[in-house]
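In what comes next, chain A is part of two complexes: it sits with chain B in the first one and with chain C in the second one.
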Partner chain A sequence: MEPARGMDFQVVVLAGGFSKSLVPLVSKEVPKALLPVANRPVLSYVLNLLEQNNVTDLIVVVEGETAALSASSWISKTYIDRLHVEVAAVPEDVGTAGALRAIDHRLTAKDILVVSGDLVCDVPPGAVAAAHRRHDAVVTALLCSAPVSGPSDSGSSGAKDKAKKPGRYNIIALDPTKQFLLHIAAGAEVEKDIRVQKSILRAVSQMEIRSDLMDAHMYAFKRSVLQDVLNQKETFQSLRRDVLPYLVRSQLRSELMSNGVQSDENGNSKDAMQNSKILPSQLLANESTPSFHELYALGPDGSASITRKTHKCCVYIANKSNYCARLNSIQAFSDINRDVVGVANHLSGYSFSAQNNIIHPSAVLGSKTTVGPQCVLGDGSQMGDKCSVKKSVIGRHCRIGSNVKVVSSVIMDHVTIGDGCSIQGSVICSNVQLQERVILKDCQVGAGFVVTAGSEYKAESLAKKERP
Partner chain B sequence: MVAKKGGNRGGEDAEEELKREPLQAILLADSFATKFRPITLERPKVLLPLVNVPMIDYTLAWLESAGVEEVFVFCCAHSKQVMDYLKNSKWFAQPNFAVSTIESHNSISAGDALRLIYERHVISGDFILVTGDTVSNMPLTQALKEHKERRRKDNNAVMTIVIKQSKPSSITNQSRLGTEELFMAIDPDKKQLLYYEDKADDHKGTISLDKALLMDNASISLHNDKQDCYIDICSPEVLSLFTDNFDYQHLRRHFVKGLLLDDIMGYKIFTHEIHSSYAARIDNYRSYDTISKDIIQRWTYPLVPDVQFFGNCATKLERRGMYRASEVGLSRSAQIGPFTVIGNGTSIGSNTEISDSVVGEDCVIGSNVSIEGCYIWNNVTVEDGCKLKHAIVCDGVIMKSGAVLEPGAVLSFKVVVGQQFIVPAYSKVSLLQQPVKQDSDEELEYADNSSGIIGIPSISSIPEKLNDQFSTKLSDSQRRAGSEVGDGGVGFIWSLGEGGHEEEWRHSVAPIPADRLVEIIKTATDALEISNQDGNFLPPSGELEPDSVDNDSDEDARDDYSYFEKEVEATFLRAVHENVKEDHIILEVNSLRLSYNLTSTDCAGALFYSMMKLASDTPHDTPGELVKNVATVITKWKKLLKDYLTSIDEEIEVILKFEEMCLESTKEYTPLFVQVLHLLYNEDVIQEKSILDWASEKEEAEESDKLFLKQAEKFIQWLNEASEEED
Partner chain C sequence: MEPRRVPRTVSDPKVRRVGFFAPPDRSQSGPPDPTSSSPPVSQISPSGNSLSPVMIPPPRNLSSDMSRHFPPAPISPIRGARGASDSSVPVGSYNPSEFISPTATADFSPGRSRKGNSAEFASSLPTGGIGMVTQNNVPASGLTTVSTVRMPKAVTEKERLAMGEVQRDQQAGDLKPLKEKMTKAERRALQEAQRAAKAAAKSEGSKTQAAASGANAVNANPVKAPKVTPSKKDSSSVAASEKRDGDRQPDKDRKKDVPHPRMQFDDENRVEKAKKRSVMKQTEARSRVELFRHLPQYEHGTRLPDLESRFFQLDPIHPAVYKVGVRYLAGDISGGNARCIAMLQAFQESIRDYSTPPEKSLVRDLTTKINGYVSFLIECRPLSISMGNAIRFLKTRINKLALNLSESEAKASILSDIDHFINEKIILADKVIVKHAVTKIRDGDVLLTYGSSSAVEMILLHAHELGKQFRVVIVDSRPKLEGQALLRRLVGQGISCTYTHINAVSYVMHEVTRVLLAASSVLSNGTVYSRVGTASVAMVAHQFRIPVLICCEAYKFHERVQLDSICSNELGDPDAIARVSGRTEINYLDGWTNSDNLQLLNLIYDATPSDYVSMIITDYGMIPPTTATNAEQDAPRCRCPSSRERRQEVRDIDLPPRPATDAEQNAPRRRCPSSRERRQEVRDIDLPPHRDYYDSNRSPSPRTRDYHKQ
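On to the complex of A and B.
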């Protein structure tokens, strides 16, 4: 199957910019898109996924000029001769809807696949596109089960007592066939009551409300509809919070296609009246059973006495075995790094050794130093004697002393760690220096920071003061 | 079909349990509604014939076949008629099926009925609760087993209601059974009922589900396609719950919703869905029509006219769903259409056409009569040339030649329709005059459409009186009523209810006119449009315009709360002056809480407010005396207050409430804030932790809001130090 390209989809990757929720991991030099996951920028996971699915042309939208520059230079260096990528810079904080509005003129294909640049997943975008096309939907969203944070994995350590907070995921209502999206809200944003429209429930007669699914931020949009909504609703900022809920809410009372933009696309201009008349025969031709939208549009007893315009919002629910996570918080950063070298190591693109780890040939290990399974040690890094590394990712060209313990942590490039340090559940950014006998537990250390000898921190965020 | 091979041990236990206790049922032979008026002024609803058999016989026959061993028939309206009927029937003589009656003269709701039954102490275990207008053939074994299994695991699972898939159309409820549309939320795995809305309270376009429901259930099914069969399997607790909550009247609107909203007791209701069997309740004329047709079309097998399930007459099923009793005088030229039942001893004249109708016993139908979709009971005379369409004609009615019944007409007992008279659509004709509104003050209280009363003594005694005085009265009323139903006619045409035609067509036996159908669907759409319009401006999130909707409800809530507070205060003052026991106050406050749909935190706040108000209203000269008053009141009533202070939250609410009083209503307290706070602490009304939590909560407030925090600074510091010392 050759999904995306053959089907006239245009692919847009929204790579974000300098994300406040990820301070101190991100910095001017390292925008969110370039944060390392198993020593590779997170953006590479999306780009590789698209490449594997035969997408060659795509637009990457980055917020902020500097961030766009660094992303652009990395992409052109890495994907030269592989992908044809246009990098578009948009102002900061315009939101996802704003970002698309800014590149409106570049959107030309019939359908647009919008993917978040912080997505780490193995769900083929072609499947989403196919579901979208099958139902002639205005939007199709990829939904995933809550991320597999390795409970099946025997040795995985603690830090997962966050358990199940329903606030973290979306509240999603589906029809009984699990193909149509009837209601969506972010769990955290629902104050007390979930409000479900009776008219939609009446039309579909039964719906299922779930809180165990996550909106993966991969959407297929009908281009004309997307542009209409973005132009008409100028206040819409976010795809997830504004555009998608709007489309879902108005699906039985569509305000779209009123200006006939859509019919041009199909090559046959048909107005609303004709449209409703053609429907029954279309239904017979295209689908075995009409969806509730068509039945509703037809009115009671199939009499077209009332004509209604409807549009379809679909979902593609990823298989439970698929991995899917978004790097949108510090917790997620640690989780994804752990998973990509652990339960979801097929995503890493590395081939693991017999010990189920990756130690770059150029890395140097001292005597009695052990690197456990589910670890990565980048090229040029050196470790002293009697060190122990468990379930951690260590970047390139790090200098690590003796008697150092690293457990469930991420250490980026060019980090210096003195003798006798102990690092657990922490993230150490590039160029950080940890002097002797530093003890860190559940900390984040921003780029270039120096931790003085013998200090001990727990659950803290250490970073240099921002220079104005 | 009901193969129940108790494979595992649990199943066997359940069956053993089943055997030990006789299976009991409560049959409410009173619907506590007025939908079948004027017919029910003269005969109780359960005795009205449904395809020539009184409704109650269907219910009893089903209960017997389903393995119920003991039935308590609760009679209220026309109780004598019901009891007489049962006495003369064979029901009292069945082996293994004990039927006994419980009579009441003053019950006005299902709630009253259940409270009365509770007092009789006749129910020993799980029981079936149905009304006497239920037609069903469902087996109860599976539902009972599920109910008992759930009970064993969780004592709070008090009720299982039976539901059924209804036809998949958005207006099925209205078009088929004439009932309101029903929205339910059900846990798909545990089958627990989480939400129930049977009557669109206001025409809101949305259903609000508490987000907390999703904490316990990963997934919830919302249904608009289910029908409530009004067959409930209840635990004995249901009866005591009705007794505890004396304001519960309606089974669904009060009891079910009350339990769903009440998260304190944690009672749970479950659903049991039936698929292949039949269950429905005759709620109004429309469901009477639908269920009659279902019976004729044999969906209710074995409860069908040609099976003798109770003393009904031998009837033969002929071609095309036509049933004919053995002795029918049928003219050669009469045409009996499909799906028609003709009772014993009825004669039908020449060239008469009857289709989709039920004709009772000993009727005389003349020539050239056309009857379509009608229900004609016993001893009815229809003279030549009459035309009847979608009407109900009760016993003893005489239709003079050429009279016409337009769709939806109802002729009550012994009405005489004059020659050539046309009874207009949806009109109801009775020998009894329409009761004037003032006659039934009480009715107004529960007359919200479906739960009025028939049982008030003045009305229920009418038929008896009527029978006695009928001969003398008849000529009298004949003269007065004559003009209303044509020349030589007898009867009053009732004026239509408040809704007028608007409501009549919904519940009539006549099919819904096409234009109405369109209208219903339109309203469904309109509701959506209203809700969407505001949403278009700027939906701040995935939610529907929280602002525009919430504003109203917020104000309502505030209003509600102030009423609630006043009522609590009044209750409390009454308690103080009349020395009412604390338990009783708690009961009253709880019922107030339920009726205003508030939380126990609100109760704590309101009660505390009442107490402080009492203290400040007690005469005093100096602030010192005021503090003394407070001390007296608090010491006396702290037990009551403590009853509502179950957690830190409630205690903080008390402090916040006090702050509010100091700022707004009772400024006298302003300088005494710390003193009173200290007092509350010393009296153990408020724990140290609550005060500290309150303080830290306030820490983030605006400066102007910290007035009392500053006052209490030293006290808090002292508390802090004290706790540190303890550590």
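On to the complex of A and C.
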């Protein structure tokens, strides 16, 4: 199959590396992309979504060689014969913009769809691409309604205290038709006030500022423009923080059009008679619904005496019924795990039992052990007697003793839990050993950690000494 | 004359479903046909009457086809010697003089061959269009090759019985009077044919060396030759392209081509079928307005998101075409010219990226591809008539490509053809229209226009540039309010304007001296098919005795006849009229759209009867609406002999007279009225005295019927 043909779109998945915000959870062995969500690496949600939408050629960019190795081995094992995936390793900490810069030479299609690898959603990526094409935009961002639980921008030590604060993901300004992006700022970065450009406001005349939307980190870029920006602005690190706001800011005084959009449109018509060629485009422009960009470009009196260069930044706002979340904090990790087996269980790809849970046939349950709804119990796991599991995900080959309570927690693979433990709202990574009568509440336990018998922790992050 | 309907229907199924019965159409039986040399009517047997003696001659190599359809009968005494089957008859072998002299065919019994044909037609009708085109040729080929057959009476009789009732029913009672008419028509047809043959022979001879190789090319294709002529440049490839024409089209394409545009959406079976092959998932609207049930109507909210979300699944659709489709659907592009240009440019782009898959021929594969694109676009929004004409043009060009062209040459040729179409049929046409129309604008005029039309806008701007002093009244209407954009541009240029809504048109009409309107299409009975509201404006203007000028490029003309705006129309988003933009407090209909008792009707087009139209300004000049068919080169291919009289009328309205001929001289001539009324007229007034007038003007008349067959 020919890559980048069809719709002339290339898909790049930015899978990240060892994200610092997820520190006790990620480790050398488990990069962020492979963190299990309902016992499946988070990356698989994006790949499955793309696969469902007939996108079979894609580039996965992973930060760091080792992470790339483990990611690519997992991908080739899982998606062999189904997807044609190129895994590209880029240096760590180059940021999302840097990652794209590094694979610059591989980008050939007319437009690029950039998807974050930590996205768990069911919004068809085609919709973003289509909106992008329809408006001939330079960038189109997917916005979805922000989940009601806590914010994820702070990103330090997890769900400590801010879980109940009202979340502010992004401050986003839209035009009245809700198609164009006029302003975007990360909610956490906004101190007191936001500054909106007067020129944009004047051109649009009406602006809608919303804080209930979240930038889902799925962007469609016009390739020529993206490459221009990345090359010209070498300091740009992040797509979300630098490139997107830059494009939005400069949409009415575009500097990149000299070789970007305009030439794309007119380049193919040079052979035709020049002055007669102006006419069809003018005809087209007159009879199509103008966006404020075009009106602005025409100038105040409607005459095209000075054409101002503009470009369009579009948004696609996902339906409220769609699920969309990003795994970019520990809080988000627990939330997504909860949702994928709960409200958004169509994403998990499992078929749920009548009790609304999944218990692998090879799992062994002791007597009087109950597994409630919205739970997953991986294959080969064993549980002793009188245990109770509620709203939790338990990985593969775990050995859980008797009288253990697990509530709203995530337990990864190969975890050993002694008798009488109580685990609530916690994340326990692979190969952790909990001895008898441990009580954990809202904790994260890093991989391979051993919690001594009888200890009790609340809202702490436990990991081996190697933590930075 | 009833029988004529048969070939008519057969050859162009699109017309078949027009809401009322369109009687025999001489445009089809094209007088220039050589085959019209067929017998004097007196010799046609009663049922033979059912045969239109005037038919389309066969593509040359159709003989095999023909033999398939009715092998045994047409062995003529003359030809019989040569071979038992017609297929063995060398295609171009008959003598042109044979059909130039009517007597040669005296004994021909058309009844027989026609019967065979019509029977087949009857049986194949329900199955749709595949066989139609070929059948159409069949009787013709039969006719030409069998021209001297003396049919055993018994056979005819027997066949007649076998032929079933269908036909006889159709023949109704009006056989007698029709017969009379036909005589006249026939005589004329005969002359036409001779002339056509002469012209064809001449043109062939002068044009191609290939023709020199014998009578072959000349007499086999007296009509096909002109078909090639419109493109002056490809004379070198005539021979090759002719051969192509004969090739059977992939039947599939035709089938796909045929039923779509005129589908009746209250026919559940067909809707089911269409759904199966559609690209998009379309939810049918639940509450339909009774009169408009047959039109496609979907839940408007659901289509765009569905189409968008399946972006990556629509692999066979070229991105450029997809983009245009989405923009149609979202309403980003509207207006006939803009939509047509956008579509053609998207096709250009897709052709640029096209490469023929191995083991396929470019012509066929590309046609299939284009067909796919077209049906995709239809799903996004029904095609306008102008777009249909453009597509037809494009397909014709593709089919006419010489086989020996390399892929890149072929692509370049198509691309430049499209460029030419855009430039000549749209851009240049608009310029010519502007030139004509500006002569009708005088100082002190108050011009009223409705909605927003590119042509009208150009006229106004040009008149302003010429320094004419006039004022413009822009009448607009909900929900699109397109007039505002026009208003903005005109005021920006310093033209003094009045803006009002259509509710006030009767008031504002007092001061108006001219009404300039645009059309989405002009139909062959002079009906103007245009943005809804146009009819009201024209009617009010008519009442006030104010001339109504319609500006319409010739490529938007269509042979269809339509008397109302019901049988063919388009439905817009009903929500658009339920809501008032910018006024959220007007929400009386919120949540009511699903009520069973409420049906919202948002019509897009209406039909303005020709009575209300004083004049149509096309790129071929200014014509009265009743001769609308003249102006068009592609779609309508007939010319009404009475146009001269009608032209007189135009001068009589208060517009300055102009040399009547310039339009006509440029316009390719075709004669044959296409609606019942006009035909009646033609019959009554008899032929104009100076027939040679037409002769002298008629270039080897390009028969464009092939556009319709493609």
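We take it that the second predicted complex is superposed on the first by the 411 of 468 C-alpha atoms of A that agree within 3 Å, B and C clash if a C-alpha of one lies under 4 Å from a C-alpha of the other, contacts with A are read in each partner's own complex, and residues count from 1 in each chain.
FYI, a contact is a pair of C-beta atoms (placed from the backbone, for glycine too) under 8 Å apart; a residue touches a chain by one contact, two chains touch by 3 or more.
Keep in mind that what you see is a predicted model, and the values were worked out from it rather than measured.
Shared-chain residue A:Lys110: touches chain C; no touch with chain B.
Applying the stated contact rule after C-alpha superposition, one finds that A:Pro125 touches chain C and leaves chain B untouched. By the touch criterion defined above, A:His397 reaches neither chain B nor chain C. Contacts of A:Ile209 after superposition on the shared chain: chain B is touched, whereas chain C is not.
After superposition on the shared chain, chain A has more residues touched by B, the comparison being chain B against chain C.
Legend: residue contacts after superposition of the two complexes on their common chain; A:Val196 is shown touching chain B, with no touch to chain C.
When the shared chain is aligned, no partner comes close enough to touch A:Arg437: not chain B, not chain C.
Contacts of chain A with chain B, set against its contacts with chain C after fitting on chain A, share not one residue.
Those residues of chain B whose C-beta lies close enough to touch chain A in the complex are 168-171, 181, 183, 185, 188, 200, 204-211, 213-215, 218-225, 517-518, 521-522, 524-525, 527-529, 531-532, 535-544, 546, 549.
Interface residues of chain C, counted against chain A in their complex, comprise 305, 307-315, 319, 322-323, 326-327, 330-335, 337-339, 341-342, 345, 348-349, 352, 419, 422-423, 426-428, 430, 452, 454, 457, 485, 488-489, 491-493. Here chain A touches chain C in the complex through residues 6-9, 53-55, 110, 124-127, 129-131, 133-134, 136, 268, 272-273, 276, 279-280, 283-284, 286-290, 301-303, 316, 319, going by the rule given at the top.
On the chain A side of its complex with chain B, the touching residues are 166, 171, 173, 183-187, 189-212, 233, 235, 241-242, 244-246, 249-250, 252-253, 299-300, 305-306, 308.
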